[in-house]
Amino acid sequence: MYRLEELLIVTIATMLDDLGHVAVGAASPIPGAAGLLARARSQGSLRVSLLGSRRHNAFTDGGKELFDCAAQGRIDAFFLGGAQIDGEANINLVGVGDYPKAKARFPGSFGSSYLYFLVPRVILFSLEHSPRVMVPRVDFISAPGVSPDGVYRPGGPYALVTNRCVFAFHRKKRCFRLLTAHPGEDPGSIRSNTGFDFDAPEQVPETPAPGEADLELLRGRVGREIAEVYPMFASRLWNIKEENEAETPSASTEESIGARFHSLQD
Amino acid sequence: MYRLEELLIVTIATMLDDLGHVAVGAASPIPGAAGLLARARSQGSLRVSLLGSRRHNAFTDGGKELFDCAAQGRIDAFFLGGAQIDGEANINLVGVGDYPKAKARFPGSFGSSYLYFLVPRVILFSLEHSPRVMVPRVDFISAPGVSPDGVYRPGGPYALVTNRCVFAFHRKKRCFRLLTAHPGEDPGSIRSNTGFDFDAPEQVPETPAPGEADLELLRGRVGREIAEVYPMFASRLWNIKEENEAETPSASTEESIGARFHSLQD
Amino acid sequence: MAEFLKSVEDLAARIPDGSRIAVPPDYSGCAMAAVRALIRRGARDLDLLGVPQVGFQGDMLIGAGCVAAVETAALTLGEYGAAPRFTAAIKSARLRMRDSTCPAIHAGLQAAEKGIPFMPLRGILGSDVLAHRNDWKTIDNPFGDDDSLVVLPAIRPDVSLFHAALADRAGNVWIGVRRELMLMAHASRQTLVSVEAISDDDLLADDRYASGTIPSLYISAIAQAPRGAWPLGLKGHYAPDAGHLREYVALAATEDGFRKYLDTFVNASESGIDVSA
Amino acid sequence: MAEFLKSVEDLAARIPDGSRIAVPPDYSGCAMAAVRALIRRGARDLDLLGVPQVGFQGDMLIGAGCVAAVETAALTLGEYGAAPRFTAAIKSARLRMRDSTCPAIHAGLQAAEKGIPFMPLRGILGSDVLAHRNDWKTIDNPFGDDDSLVVLPAIRPDVSLFHAALADRAGNVWIGVRRELMLMAHASRQTLVSVEAISDDDLLADDRYASGTIPSLYISAIAQAPRGAWPLGLKGHYAPDAGHLREYVALAATEDGFRKYLDTFVNASESGIDVSA
């Protein structure tokens, strides 16, 4: 038995296994746990920089360091969300409707307009896989999925992980391809919840279930580690109590609160 | 009774009296003492940043901060030297002869190529007022004395203080004007030791002698303060012993050693 | 050069209407007591800069009518949900919004810090962030072939306002690893700081403190304000007052509720406000 | 990610011939023991970068024939007088010299730190420093009228090499206020550090240290070398060995004298050198 969150964490962790340095932005408990799981599996060879963490955040040069570090090629993977995501992997963190007067206004683009270009493996993540998030065309491009030749772009979208499935992104073909469907989903249920077209194989495999070793790590060490930054998340999932210093903000992220437009970076 | 160094220190200090922040580069005991004297006279309203000092150096952002600070308009005066100085206030800290293969090679331009443009009141200083230093035209322009219209240049040369006299620099007319001659010098002795032409009034006043109050400050508080960075200088002039922490480099500047090309900035 | 002021009211009095004012995000030392004073004094037409984003203080200043324009990479209350007064102001088009992205704000401040007119930056090309910024340009890379990149004008705020743990008597301010506060101070014309405490020791005398200290050279004025970041937290000192922040979000959902919040928690003099969480 | 090496010989072995190698000035933590190891291993064709200037280590490496090119704002022994081996090499035109100015070197490294191809900088126009730098350009200010300024290409050293007081077991390196060392580490492909001591405590756990610490993320390798800056000093720890430095300058006045210096103080293994001042 495992929970959807655990499936997502393990799925994402597997995309990080061969890397050297993964950074995770604010309000990202699942990507954060995935990074920490991958780190645990790597026996420490993977470095994870978790915004908001004291223990897993080595930055000492102020707010600009994450971005400089990415531009130096020292960050291999990062996570971005989107209030809207379209089939060319454009993401919108700003608003629905005409800009600037929006029908729905979200916090803003954060570092997406930059990191999407510079981090080789950007994993898009959304817990609301619905037609209102997965749209034919985003209303505002916080960061484009692809760029014309000649634009300096060592980075870009690698995959899109949702509550329904896992897509890979094909940069040359500028489109997503369905890789696996989570238990209970099939290409039909996914297509009917996706406003853009995507490639799919004839047979869509099920997203592999988490292994026992991973679940054990998650429910133990990784859970305790992520509880430093996301105590309510760790408590809700695993009944793990915060091991916090008094001054650590009692940060928590209830996915219920506007989770679909959680910006996943600082 | 006073020494030439004391005359120079007090003369320079008088040029700093109305300012808010004076920075002094490396290997500059006389400008450094002048800054500290002006600070003592200002009752602390003048800030002095003395490179190499622990007590009079507030920079905390690494080697770039002095330059950034100047560009922000936060430094009112600075000092530059020159192995060669010409009548348009061009300075040469690089070498004599054809570049790069020099007949005489000096350390290099340090920050002069930049600070000369950005600090409003740059005071040129030389302890060798001779035809080989005060040349018709420098062999290498580390930093030009004047710039064409349209060049962003809030700063530039303000005065030239030597072991013989004090010049003011007239930026529009692009030339020096003799202000005062030190005791024992006259326009004739100065002209015969200067390779460039300069303006002079009909009557050249003598450089005012240091007042008693200034000499007292110099031989007491200022001497002890400058001894932190220039112990041999303070010892030689005033027999003041270094009040150093053990680890402070036993820095000293014997003007006898290549003083004419002391670069006066970092 | 830093002046010591008696209260956060005096700090707020140093911020003229119309100022371009830079503030840090919720986790980096926000001068909330001074922000309340700014609202009490009825500040108007502020041009608010989030470095690189802004949280509760932005929503409050906007709700109180102090803000004419916002430049930020985000206005976010994080886990507490959407920023209600910001969202309402956007919907009624009462704000001039300059959406940015985090590194562009850092880069613009770095340009001001270096006294250069602009800073080039990678990324951003093809985004609607760029499309809506008439003040940003794209140029050919002078060192490249067929390579264009964005150039951002220097950002020189009139005022930076933040809260820190410690100052010393000379006006040096210890910020530890919150180095964006130093960048703000370097880049700004005026820097106003509220602090938890004022130390008799020289922060610059010990490298362990000096390495995380903004020299008083860059600090215009300081006022002591214990728990001055409340209801936000100050890392290493106190946690955010989550209950109060949730109460804010609930009340600020409506204009009336927000007025009630102001009456209860802002419009009383600062000494009348219980900041003990 | 930092690797711990047994000795400065192992550090030197990480610096291939032909490397562009960045080093700090004499007052900022010079890895002199590692520089001696570099001379012992017979390094060749180094492209030496002073950040922003270089002192004794530059003169020694040049004298020992390790250096093909130098980029620096100055090569200076400060109060000890002219740098004899540098001066001799310039006179015989054995060095490719790229004269620079301090802020241009910082700016070039900052461009590499930000991953941008160039950095604009004020000043410099009309100088012969600019006239002799074919790799620097002048462009029109895209935000100005009739305003041109210098643009400097990013400086990305292959290696930065310096000495610091303290590292921890994770490979974080404490540099206090010597922030130019952090800039070097950010900008360089490899950063090699010798340290006085290695602490069991996590430097990043305490903000007082963290604010002056380069995270191990940027550190390639560390070797412990007590008194590793000798004959230079390390602020807060030991003073320069003025007597030795004067002896160096006297000997290095001639090629023969310099060879004698190398035989006595460099070519012996490091353990054979008395660094006790």
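Chains: A, B, C and D, in written order; residue numbering restarts at 1 for each.
In the analysis below, a residue touches a chain if its C-beta (ideal position, glycine included) is under 8 Å from a C-beta of that chain, and two chains touch if they have at least 3 such contacts.
Quick caveat: nothing in here was measured; it's all calculated off a predicted structure.
When each chain is reduced to the average of its Cα atoms, A sits farthest from chain B.
A separation of 58 Å divides the Cα centre of chain A from that of chain B. Each chain gets one centre point, the mean of its Cα atoms, and the points for chain C and chain D are 37 Å apart. For the pair chain B and chain C, the distance between mean C-alpha positions equals 40 Å. Residue numbers of chain A whose C-beta contacts span two or more other chains: 59-61, 68, 71, 118. Annotation for chain D: residues 107, 110, 114-116, 121-122, 147, 149, 177, 179, 182, 210-212, 236 touch two or more other chains. Working note: touching chain pairs come out as A-C, A-D, B-C, B-D, C-D. Contact residues of chain D toward chain A in the complex are 1, 112-116, 172, 182, 186-187, 204-205, 210-218. Of all residues in chain C, only 25, 27-28, 51-53, 72-76, 78-83, 86-87, 90-91, 93, 97, 99-104, 106-107, 110, 121-132, 146-149, 177-183, 233-240, 242 touch chain A in the complex they form.
Interface residues of chain A facing chain C in the complex, by the touch rule stated above, are 26-27, 52, 59-65, 67-68, 71, 93-95, 99-103, 105-118, 140-144, 147-148, 150-152, 246-254, 257-258, 263, 265-266.
Residues of chain B touching chain C in their complex: 20-21, 47, 54, 58-61, 68-74, 118. Contact residues on chain D toward chain C in their complex (touch as defined above): 107, 110, 114-122, 137, 139, 141-144, 147, 149, 151, 153, 175-177, 179, 207-212, 236.
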